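In structure tokens below, several structures.
Both complexes shown next keep chain A, but they swap its partner, so chain B is in the first and chain C is in the second.
Moving on to the complex of A and B:
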């Protein structure tokens, strides 16, 4: 994005509006659908405007890690498919995909979303391992917040498969959900010039000077942070951005609860 | 014990319920979804665009490049590890060969048309669903095409010639087991552009199966055309 384009965008923001007519702190319409993959133990598809993202949960029985013999495992992975944007390429996950997965992972993990002790079948021997895969279908901005919402919706929708003689029977699906205690949602606030914006379009992401991703639980506690973008932030700016996230989080949580 | 009734109750020559939609991925130049039973394929087309790495460029013509991928949670059992496998590499190749006969990319030297196929859920027949979706996506991208391409797996389960096998049928073990034959057909001429087989079948049953594939692909072709028209025909 060149300087003239950025100036043009900032003129819009100064007038309190966006290219698609939204207010600065207004989300595009969000649509959450679960059960989108019958192959997964749990799945969800989240559309935010034209952004389209899926998450699927697979459950497997594994040996626990040595330092946590009585806890199940959680893994979050993200794939930015070249199907979803001309900017994405085939091959192993790049920086953006890894950041997406790790930040969403932290939000879920630090909020103690899943009671991992309840995922233990036999201490030191057999625990459930929960794999969440986030994949993109169409990138029209704000993949981080949409992906986090999809991940949580997929976890909530997941049901354990059957177990026969200690081996998972994927043909059978029980009615038992994953023990979910908390519902962290992720809000990314972008700073463009001196304006704060949520749910950015791709051109706003490109123009942004800095961004702060904030995972917030239902008690309004901050559970994960990630600062991105080349510009610096003051404590005052961070305080305002966190305030926006805490205020906006219930709007998003409402969509999946 | 003959295979008297199909596991899902279909007639031996019956396809599973099909849904098809064009234009599902706005960022792409062309896109489509094709769902047959519990197998769903999304296809997106990008291009013709510059081809990198440069040494792959052909100054005489553009090339077609297919990329098939099962989403990590789309497998029949355990999680599918992301990243290419020997299987997906082979599928990329046979998909390209299945689709290239209907395209003419001579006007796009040094370029590539990329086709990406992603599967969120699978119950056999994935390469065929991928090809069928890809053909619609190529048409949606506005590329000049001689025909569409429709694909379906036919084969033999026990003593019966069948179309559109599901996983449970592929795993059938009694009386000679199962034979799986993915076939892609150019619907207008009936010519075949994808043909693979594993199992065991007599030459006469093979011919019967291929004739069945032709008939079934023409049924799929009607659904493809309808989906394309839904996007492009202006409602009065």
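Moving on to the complex of A and C:
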């Protein structure tokens, strides 16, 4: 995107509108669907406008880490499939895929979403390991918020498989959900010129000077932050962005209840 | 084996569907022969001209064709030209000699003409059998696009968006006061006031969605009247800067 194209985009923002006619702090229609995969213990598909992303939860019995013998494990992985955008290539995960996974992981982990102590079967020997896999089906902007929402929806929908003599029986599905204490959702606020925007279109992501991804729990507490983009943010700007995120988060959370 | 046309002229065929039986028919674009039947390879409308059966595609990406006027974006600056994205599976090369009439010294900075991310309206000059695409910006109405925004539509609906003798596009231009350039590759460039551009973009999306339904022009006149509050007029003077109906 060159300077003239960016200037044109900013005239829209100055008029309080965007390329698809939305307000600056308005979301596109969001659809959350759970139980989309039969082989995963929990799964969800989130569509934000034309953005389409899927999350799956697998549960396995593993040996705990040495420093946390009585806690279950959480792993989040993300893959940006080439079918979802011409910008994504096959091969080892790139910077964007790793950042997506790390930011979603951090939001879930730091909010203490899962009560990891309840995932312990036998201290030091057997704990449940929760792995969340996120795959993109179409990238039309705002993968982070959509991915975090899908991950949480999939965790909520997950049910433990049966266990027979210490071995997991994936054919059996119990009715026990994963112990979830908190429901953090992430809101990414983009700064373009002097305007704040949520749920960006690809053009807006390209034009953005900076972005701040903010994970907010149901008490309006900020649980994790991730700053991106080339420009710096002032304390005043961060304050405003966090304010926007805290205000917008309940809109996302009510979609997965 | 008897000869029969299983899908009639102007009907829709889906990929893999058998259109005709027997050796009496000849396959053309979008149709191939399998034994003694003709099979559709795309989603499209069947067109039968004598013995020749072809498909007019209804969906899919744009495929470059010589003489098309398309809108491209610069993706790379080469030693003696530019590589551009054509909104198709194939990228194209714009050679320096096809870009400017000026004398350009060896080693000059080519970004003074076109820089990364710039949009241009250009013409496809040649497409080889290996789909190497050459384009040119020398010619009437071919130039760099300053600012503005892009709307993407199905490339096969472009003729309907332009309309007969550019009637549809001049309707939108007059109603919204926007500059509009339609590329055959499905990219539409808009430049105007934000509120008017949004109406133009919505109108273009509406044409794309309703291209197959009759009475489109009347519905578009009503739509634009309702959105802008004034009756749009058709103006025949604007047609020079658009790609023609194909």
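Note that in this section the second predicted complex is superposed on the first by the 257 of 257 C-alpha atoms of A that agree within 3 Å, B and C clash if a C-alpha of one lies under 4 Å from a C-alpha of the other, contacts with A are read in each partner's own complex, and residues count from 1 in each chain.
Operating definition for what follows: a contact is a pair of C-beta atoms (placed from the backbone, for glycine too) under 8 Å apart; a residue touches a chain by one contact, two chains touch by 3 or more.
The structure presented is a predicted model; accordingly, all values stated were derived computationally and were not measured.
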Worksheet item: In the superposed model on chain A, is it clash or fit for chain B and chain C?
Response: clash
Worksheet item: Counting only touches as set out at the top, which of chain B and chain C does A:147 meet: first, second, both, neither?
Response: neither
Worksheet item: Touching A:107, do we find chain B (first), chain C (second), both, or neither?
Response: neither
Discussion item. For A:52, using the defined touch cut-off, is the partner it touches chain B, chain C, both, or neither? Pick first, second, both or neither.
Written reply: first
Worksheet item: Does the superposition put A:43 against chain B (first), chain C (second), both, or neither?
Response: first
Fill in: Greater residue coverage of chain A in the superposed arrangement, chain B or chain C
B
Discussion item. Let me test your reading of the model: by the given contact rule, A:5 touches which partner, first (chain B), second (chain C), both or neither?
Written reply: second
Worksheet entry | For the chain A and chain C complex, residues of the former touching the latter | 1-2, 4-5, 7-9, 11-12, 15, 17, 19, 21, 203
Worksheet item: What part of chain C is in contact with chain A in the complex they form?
Response: 115-119, 146-149, 191, 194-195, 198, 201-202
Discussion item. Using the touch definition from the top, list the residues of chain A that touch chain B in their complex.
Written reply: 36-41, 43, 50, 52, 54, 56-58, 60, 77, 79, 81-86, 90, 92-93, 131, 133, 135, 137-140, 168, 170
Discussion item. Show me the residue ranges of chain B that touch chain A in the complex, using the header's touch definition.
Written reply: 24-28, 31, 38, 40, 42-44, 46, 49, 67, 69, 71-79, 82-84, 114, 116-118, 120-123
